[in-house]
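Each in structure tokens, the structures are laid out below.
Consider the two complexes below, in which chain A is the common component and chain B and chain C are the respective partners.
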Partner chain A sequence: MLSALIAAGVLKPTAAYAAEWNKAAFEAHDTAGALKGIGAGAPADSKDLILKVPDIAENGAVVPVDVISNIPNTTSISILVEKNPSPLSASFDFANGALPEVSARLKMGQTSLVKAVAKADGKFYTAQKEVKVTVGGCGG
Partner chain B sequence: MADPMKIRAQLKGDVAEIRVLMGHAMETGQRKDAAGKTIPPHFIQSMTVEVGGKKVVDGQVGTSVSRNPVFGFKVKGAKAGDKVVVSWVDNKGDKRTDEVAVA
Partner chain C sequence: MSSMNRREFLQMLAAASVAGAALDARPLLAAGNADALYDVPKFGNVHFMHFTDCHAQLLPIWFREPNVNLGIAGAFGKAPHLVGEHLLKAFNIKPGTREAHAFTYLDFAQAARTYGKVGGFAHLATLVKRMRGGRPGALLLDGGDTWQGSATALWSKGQDMVDACKLLGVDMMSSHWEYTLGDKRVQEIVEKDLKGKIEFLAQNVKTTDFGDPVFAPYAMREMNGVQVAVIGQAFPYTPIANPRWMMPDWTFGVQDENMQKMVDEVRAKGAKVVVVLSHNGMDVDLKMATRVTGIDAILGGHTHDGVPRPITVKNAGGQTLVTNAGSNGKFLAVLDFDVRGGKVQDFRYKLLPVFSNLLPADVEMAAYIDKVRAPHLDKLNEKLAVSEGLLYRRGNFNGSWDQLILDAIMEVRDAEIGLSPGFRWGTTILPGQAITFEHLMDQTAITYPASTLNEISGETLKGILEDISDNLFNPDPYYQQGGDMVRVGGLQYTCTPHAKMGNRISDLRLKGKPLEASKKYRVAGWAAVSEGTTGEPVWDVVARYLRDKKTITPRKLNVPKLVGMQGNPGFAGV
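Moving on to the complex of A and B:
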């Protein structure tokens, strides 16, 4: 039955163990498109979503970002860099005891707002901060 | 074959702090080589973390994650000796899975 569905193209094999890469969201060229792609139309600002970024990044190729959600029942966190060619950087779903927090290192082409988006009880929340980039990380 | 990941999983109280370093070029598809030819994109697209046989993190990644990505996660209720398994798959279908025990 399952193999029949895969053969028919209804189910893609990768969907069996992991969600398929969200091409629409990751390839969106503006923040609105990326937010739409992850299902978050207009997330509400939240003080319970903590975004830790440097004020100034000397090297845009490696910008450390920490996101911690204190919003109850947070199940996913996404990170966006508004002025990157594709704003959505990464998106994480948490389950089975994973705390809703993540640290990562991102590339930034230029000074930009960095945005965290958390999903909790089906609603979306956001927090944002500007990072000044002195040397961009997306050039050759 | 991609280089092995470096994974550290340390127990603090009942929370395992997991840090992963993945060796990957994370090419954006926007850089050009010396001859002016665009270098095609090559980047990790998805990653998962399992602790004690249960999936705890299911991540999707885009081109703007830094070269040799580092991710940190925290998992409550983990015990010393629990197996931590981290996997990634990139846009060319290359993949890598490594594991450590919670210490």
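Moving on to the complex of A and C:
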């Protein structure tokens, strides 16, 4: 499956725990369905949610994604790849004031928007950026 | 004042008039101005010289600038996306002059005969010495794409260029094609040959595992009492545009944030002048200059744009000069800063064309070049054919050299379609000139030269063209990757550069018939980036074709029908 999370990355905060498996969200075939699955209908854009992804993927099979939330009381971070067959790629819960920062490697089959969604005080926030996946070659 | 004495001047005048004797009076007039061309008075107290993308051209060559270099969206009508008369007008260069010839394709063959060849390390060395003479402490910066582009560089695994650069007195360098020698070879050169001599700088190359820096990000020097810093920027998309398997453990990218960190770090250490030696390409540099503050100048390359004057970009921290210094040893840039009261007060910039007829060859460098070429002369000088027409590569779409390569691989491999990479390097052949094996290597000398023959569906072909056109025409420079548009043989298409990704390519036809999505076509190509690609080196395939034809008639360019580009100042017909 293209949507499979290749590696969960290194969870920097020791107090972070993986979420319980949210089948409906992970198996949704579009972004709206995945957002609904994690309980986020229409998350608000936030500058305090930092999404770090490359402009162009060096290797679509392992695209590095870092998400840091500076939103107080962040309790979860999810990562979605819009054009993947199952957009929801990863979801992390943070308990007991764990630092909401995650790092993962995702597989992307084609150029797509990558979205981070954070939950804080019951509200959802988002940041997004396009990551290009290209055939390459023709190098200048 | 000039360091050239009266005798040298007369010799030069004589040489120039002989070179152009059969043509017209222009060389005599031009030679009279030669001293003025290279008489660049020293200004201020901090000095940089910059050349870039020489592509291993040790000898003087011809290099025709593009007649198609389209600027899309924010880049429309702005340098570097100006060609021919548009460029001359924007930079107040008089048509029909030596400078006009250096910076444009106009009247190329005739002007090339008049003004002679450009570049060559022996002539560049003379110019470097002359500039250095009046500028104590000046640093010589090489923007990279130095160890690739010629037969001798390929055969010596970059060694001929490494030693030439040490002799030239390069102080610091950036990188791109260097990596196609493989990560181990790059590290070997950096650790053994360059150590203590040339700083190999790259703030944006990290290990893929822990993100550790692979090379020094910057170097600092004191120059005439002023602390200066040079930060290196490698081509951000090297593992995408070139084979990733050749540097599998390294990751690149623009890395704005780390660039800002490096600028802040060198400023904190006392740098009063901060220069980035960049291989981003000019559009990426122009964007980076809006986002990163505290850089006095970005000395750029990669896109091979000979831009006569810097572009000043305003940003939150003040302003940054952005330059691009052409390619193939054709230009040397001289940037002087007046630094007083702890900051840059003013600057002067000159992009000097290196006319080999006006600059006597440096004796030591000429002897070195002779020595490295001597064992290969028989092979290099083999005359494969004579070209009746002008052969050049540079431009957004097929150049005549690419067309010749396409015609050759399609005929030899019996393919109905040909694809050839949109490289920006490659020297020019004048009408009537013999094509030697060396010239052919100028177009093809890469470490992944296998020629291929594949069965590709119409749908996949369209996908490839869409993908590559987005690498060229995406309105956001950070999503542009690599070179010019892939050169296409046999297949006709329409291209709409300012359409969205996936919608730029239409009306694909083969011999007038629409391409079928599900049908497979025989496609000849070369320079595949995937590991394990095998096949005869493309230069052998093309050499066979040239030997067989003996005379190469002027090529008919297979260029796409362009939509919406009339009136674009980066377009002068194809």
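Everything that follows uses one rule, which is that the second predicted complex is superposed on the first by the 113 of 140 C-alpha atoms of A that agree within 3 Å, B and C clash if a C-alpha of one lies under 4 Å from a C-alpha of the other, contacts with A are read in each partner's own complex, and residues count from 1 in each chain.
Criterion: a contact is a pair of C-beta atoms (placed from the backbone, for glycine too) under 8 Å apart; a residue touches a chain by one contact, two chains touch by 3 or more.
Here the structure is a predicted model, which means the values were calculated and not measured.
Contact with chain C, but none with chain B, is seen for A:T111 once the two complexes are overlaid on the shared chain. With both structures placed on the common chain, the touch criterion links A:G122 to neither chain B nor chain C. Shared-chain residue A:D93: touches chain B; no touch with chain C.
Applying the stated touch rule to the two superposed structures, the overlap between the chain B and chain C interfaces on chain A comprises residues 137-140. By the touch criterion given at the top, residues 18-19, 21-22, 26, 61-63, 66, 81, 84-86, 88-99, 101-108, 137-140 of chain A touch chain B in their complex. The residues of chain B lying in touch with chain A in their complex are 15, 26, 28, 30-33, 45-46, 48-49, 51, 54-67, 69-78, 89, 91. Of all residues in chain A, only 54-59, 64, 111, 130, 132, 134-140 touch chain C in the complex they form.
Within the complex formed with chain A, the chain C residues making contact are 145, 176-177, 235, 237-242, 244, 251-254, 281, 302-303, 421-424, 463-464, 467-468, 470-471, 474, 476, 478-479, 481-484, 486, 501, 527-529.
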